[in-house]
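Here subunit A shows up in two complexes: once beside subunit B, once beside subunit C.
Take a look at the complex of A and B:
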């Protein structure tokens, strides 16, 4: 709706003007809006310094990096590190874990804040709603070191609450944290617990921007609560969901380091070793900077491809997408 | 839509500018890399000028952060002992704390970002090899020769140190003094529990298992509950159980003249089998896998729920805590235990203590050498004993601690700053030094036994240090995560030792381990004579 409103008005007119007069190029607009562009400088320089300048360092993925020789002085080795990477069985295992955990994330953790936002939206008692929201946000502000400690002791077979409850039902205690079957479940559930509440903020904002008139009209037509959610709330936040989905896809190759590092242990390494822990180990601990950079570069490349594809798909579905 | 059109050219312009700046950055980096090289050479060309004389005597040094500095004492950067050092050594030292269990990543980050301190101190010789290889540190022969008197003399008196400080190019890359005591790992046992259940001190691994089972079943703490978990672990658990069978994980052994990773010796299977038995018989905490920092284990020991503690010579902290909970607790050190392969002693450490390397870019190596000389001559003594009259009294020229608790909070952490020292912990010295405190005396007696044991029993170590072979260094880390995983999983499952070793073999092969073995073998053959 807003899109179609924009079309005929000012912007389109300016664009056609610009096309007609080639002399009025970039410089003209830069000059005309020079003060407005000034506002861009801080953000631009941030991205330039921390996102573009650092790209120079990515060169070492194609070199045998030696500190003494520096980034430029180290010898070129072409794709050697990528060959090593793709040739090692460890890497495929790491890649598989990364993708699997993210897939679980997408299926279970991504919808969680949407569901939660819908539920919260239906709460009518304001103080209760606020209290619930605050409690849901809380875990987001606790560091994973602490959360992991809490999770480990909650799930402990001898002293944990969860296993005590299981025992009440006559079920043998389960050592969740060392079972390759249960560990991913713990991982996903802890993700939801930590971030679902926080994730609702954006959805709540989107929901509050829906025209209340639509609900009133639906009520007059006799729509039930569920019908209202299905036909008004969900379509109303479709665009937001789309954008967040695209962003989430960009993280498909990325599992939060702190989360996984604090939860993993030697017994479940085969299912919990992901790209971020792999990079930490090879790069930071074993000082194989080139290899670690190659992994990072590969990860970023796949991430970029995913974002581009999903953005295309989302736009095909009629939503705005990221750009 | 139109906004994009307008922004794109603007973005492009910024990007273009960026590339220009980028290449400028690249150049300056390249220059820095090459210009760092010649400065030491220039120094050697004009020795008479003494290039360091006019420089301020200020250096920086790394310091292991073990979290032992009490809040009242300050921090690792600044406390009474750093002040003491600055006031007395004639050199101002700025300390950079390195978390003890994260030294690998911390050092790597510091070095890679050009922020490494002038003096980098570590226990890990492998780091020295790697830093020298990367060109992060420099040879010290010339500095020792020119600027040192005391350390130069010390090195001549202790030629046995030299191989540990010298790298393959024949140059010295690290400074170190002898270890106060070379004994390292140890098993402590509750003597009061043994007495109560009428058990004898175990002398073999099988007897230890019998004792542990008795602890598990016969309620040694007399609380009427079957809640005793006989054995508590620390980082030393895997090491000690491996060492019983002379197969320390990831160590190289010479089997019939051929270098072999411990995992592929027959003996390693016995170590695996023991750890599995301990788990299945509930002789250890069944939740050890999630106890990554061993805090739960330590708690089991200090609260008196465990009676056998796999630990180290220096467990002074736990004895006080244990006594707080169980004032009656008496401890004994378990002697080396026999297996079907004979009796192997507990781990004997390399002769050298902390290794200190000099940063390639350090400004004033002369001041650093002077600092080392001062530390070796006299600086180490107060850092070990404290202040006379406050922390100790001299008795037959041995400083006897007067107030153990005070010493522990005020001086205990200071030993970390001794980059070099001349303390020799002989059994007699330890016992005399202990003051009136019962904990201190008991600890000294335990340590004496452990040190005596380490002198009477030999510890099998076929190579004095980790082979400095780059190919091995590059896979060792990857392989470590693998063997730790297989070890943990095997202990908790019903996998046979043969299957576990087979899995280890596959992991080793996937890292192209056999070609690495060949390289290590070649290194060994070339250096065999030097190593003995």
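Take a look at the complex of A and C:
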């Protein structure tokens, strides 16, 4: 408000044109906040181009897209590509893998940071705690290409240290990366390796905001450590767990492309091929643009419904939700 | 003392977790410095056996990984600056309650978080803009992270409003307030967010894989992927693996060269990352 004091020319000029109504004209605000609107240009151009113009491109899911004709010029074909998809066993396999790998992550990888945070919270020797945390956080900073390269090398049947250890016990080398049985295990363990340590940070912050008086009272009442965790710590971080669960559930249709792609090989496609790798292969490598777009659109829509639903459920349970 | 003894298993367990976490990286480091013979016979565990820098020498003579490393440095440096400019300016603006149309812009950003962009529409757009085989194909499609934008916006909203009021009474424009007042007060968040961006750019992978095919322009991650891929496929046949031994050492060395810069700045990175995560979670 005080701004009008020293910008006499601008608003004053507008005022003289009779725009000085109680609900001031748009021009007044555009002029008053001109720098702020300028500030928005780069980011909003980005969102407009890469998030909204791309929506227009999604139309090719309902067309037979040809590069030469462009998005608009290609002929409409209705739901043809969706019929093709739902009729192909490849698609159902990919969908099943996506949901299954996410389910494994939800069951095995999601609780890991909670458990770790509870344990880390019991450490009293500070330098030890910090050293452990430093090491646990490390893989989070490294890209999946590198992590996958390390995993493959570690599990190599001929030169890997894991199989060397197995050999000491007289066990034959296991082909972890090419076995459909072992591959999902490698996937889950690698998820935990990469993110469990880093995931503890949010939980540790939530734990540290719990009123210490509660623990004092519990101790006086003779509660054991386990009972304190069960009755004070866990309820204290319930909200945080809820929010992170929503985020995780919202990603049910989306397994990290880089994670899967780098661990994947032709021998384990049946258990490792997911929507994102399928879209990459059919779309960019085989140039079946329309079909790949249809898969992507299907994924995005289900993902949207999932986030909205889970958010509603969490709200109903009285945990605040995300918005 | 009794307490200490009782918690011994806890300390041992967590020490084991920490060791298991870093062991694979130490193992690769040891492998990259060991002789081919030692790698074949599976003797390398934590320390290099028959130390040699042959693998590194070969990679340096070959030079491809170095070019890729140079590309990654450019991608990271320029990209971080571009992303920070776009994000900071927009976050500052969206933090001003008096701004008309603020909700519309905020909704645009929210929507982009909920509805994932399809790969093919993105690819067609990038192609149409003639960004294929340029670094812009990495910078532009990831220019602003909605998450970082919101973290920064809530930080700006937390700054005392009186500062701006008194400055505007003294005749300062939005430009002056932003550059002279807000930015100097926001160093911790600027550091955290620029490091978020920088690490993501250093590890940039998918966009380079999708949009860059010229070998000379590939970032180190995709180059590494290509190097790692060749022997893996040969291993699939399950045949005699001894002939791929040399690649094992080379792969290990390439992996180490790729992560070394991250490892060098890790303590510094980690401190700021944690701050950023905590700043971000205050709101969430």
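Quick note on the criterion: the second predicted complex is superposed on the first by the 271 of 323 C-alpha atoms of A that agree within 3 Å, B and C clash if a C-alpha of one lies under 4 Å from a C-alpha of the other, contacts with A are read in each partner's own complex, and residues count from 1 in each chain.
By definition in this document, a contact is a pair of C-beta atoms (placed from the backbone, for glycine too) under 8 Å apart; a residue touches a chain by one contact, two chains touch by 3 or more.
Just so we're clear, the structure is a prediction, and the values are computed from it rather than from any experiment.
S.K.: Tell me the contact category for A:137 with respect to subunit B and subunit C: first, second, both or neither.
M.R.: second
S.K.: Please indicate which partner A:171 is in contact with in the superposed arrangement: first for subunit B, second for subunit C, both, or neither.
M.R.: Touch status of A:171: no partner.
S.K.: I'd like to know which partner A:25 touches here: subunit B for first, subunit C for second, both or neither.
M.R.: In the superposed model, A:25 contacts subunit B only, not subunit C.
S.K.: Would you sort A:58 into first (subunit B), second (subunit C), both or neither based on which partner it touches?
M.R.: Touch status of A:58: second partner only.
S.K.: Thinking of the overlay built on chain A, is A:157 touched by subunit B (first), by subunit C (second), by both, or by neither?
M.R.: both
S.K.: Looking at A:90 after the superposition, I want to know if it touches subunit B, subunit C, both of them or none. Which is it: first, second, both, neither?
M.R.: After superposition on chain A, A:90 lies in contact with subunit B alone.
S.K.: Once the two complexes are aligned on chain A, which partner has more residues of subunit A within touching range, subunit B or subunit C?
M.R.: C
S.K.: Which partner does A:270 contact after superposing on A: first (subunit B), second (subunit C), both, neither?
M.R.: The first partner, subunit B, only.
S.K.: Classify the contacts of A:66 with the two partner chains as first (subunit B alone), second (subunit C alone), both, or neither.
M.R.: first
S.K.: Regarding the shared-chain residue A:79, is it in contact with subunit B (first), subunit C (second), both, or neither?
M.R.: neither
S.K.: Across the two complexes, what residues of subunit A are contacted by subunit B and by subunit C?
M.R.: Overlap of subunit B and subunit C footprints on subunit A: residues 26, 29-30, 37, 44, 48, 52-53, 55-56, 71, 152, 156-158, 175, 177-178, 265-267, 280, 283-284, 289, 323.
S.K.: In the complex formed with subunit A, which residues of subunit C make contact?
M.R.: Those residues of subunit C that touch subunit A are 7, 10-11, 13-15, 17-19, 21-22, 24-25, 27-28, 31, 39-40, 42, 44-45, 85-87, 89-90, 92-94, 96, 98-100, 105, 108-112, 114-125, 140-141, 143-144, 149, 165, 168-169, 171, 173-175, 178, 199, 202-203, 205-206, 210, 221-222, 224-225, 228, 232-233, 235-236, 238, 241-242, 244-245, 248, 251-252, 254-255, 258-259, 262, 266-267, 269-270, 273-274, 277-278, 281, 284.
S.K.: Touching subunit B in the complex: which residues of subunit A?
M.R.: Touch residues, subunit A against subunit B: 11-12, 14-15, 18, 25-26, 29-30, 37, 44, 48, 52-53, 55-56, 66-73, 88-90, 152, 156-158, 175, 177-178, 265-267, 269-270, 273, 280-289, 323.
S.K.: Show which residues of subunit A lie in contact with subunit C when the two form their complex.
M.R.: Counting only subunit A, the residues touching subunit C are 2-3, 5-6, 26, 29-30, 33, 35-37, 39-40, 42-44, 46-58, 60, 71, 116, 119-120, 122-125, 128, 131-132, 134-139, 141-146, 148-154, 156-161, 163-164, 167, 175, 177-178, 193, 197, 201-202, 205, 243, 254, 257-258, 262, 265-267, 276, 279-280, 283-284, 289, 292-293, 296-297, 299-300, 303-304, 307-308, 322-323.
S.K.: Given the complex with subunit A, which residues does subunit B contribute to the contact?
M.R.: 2-6, 9-10, 13-15, 18, 21-22, 25-26, 29-30, 32-34, 36-37, 104-105, 108-109, 111-112, 130, 133-136, 286-287, 289-290, 292, 360, 473-474, 476-478, 481-482, 484-485, 487-489, 492, 510-511
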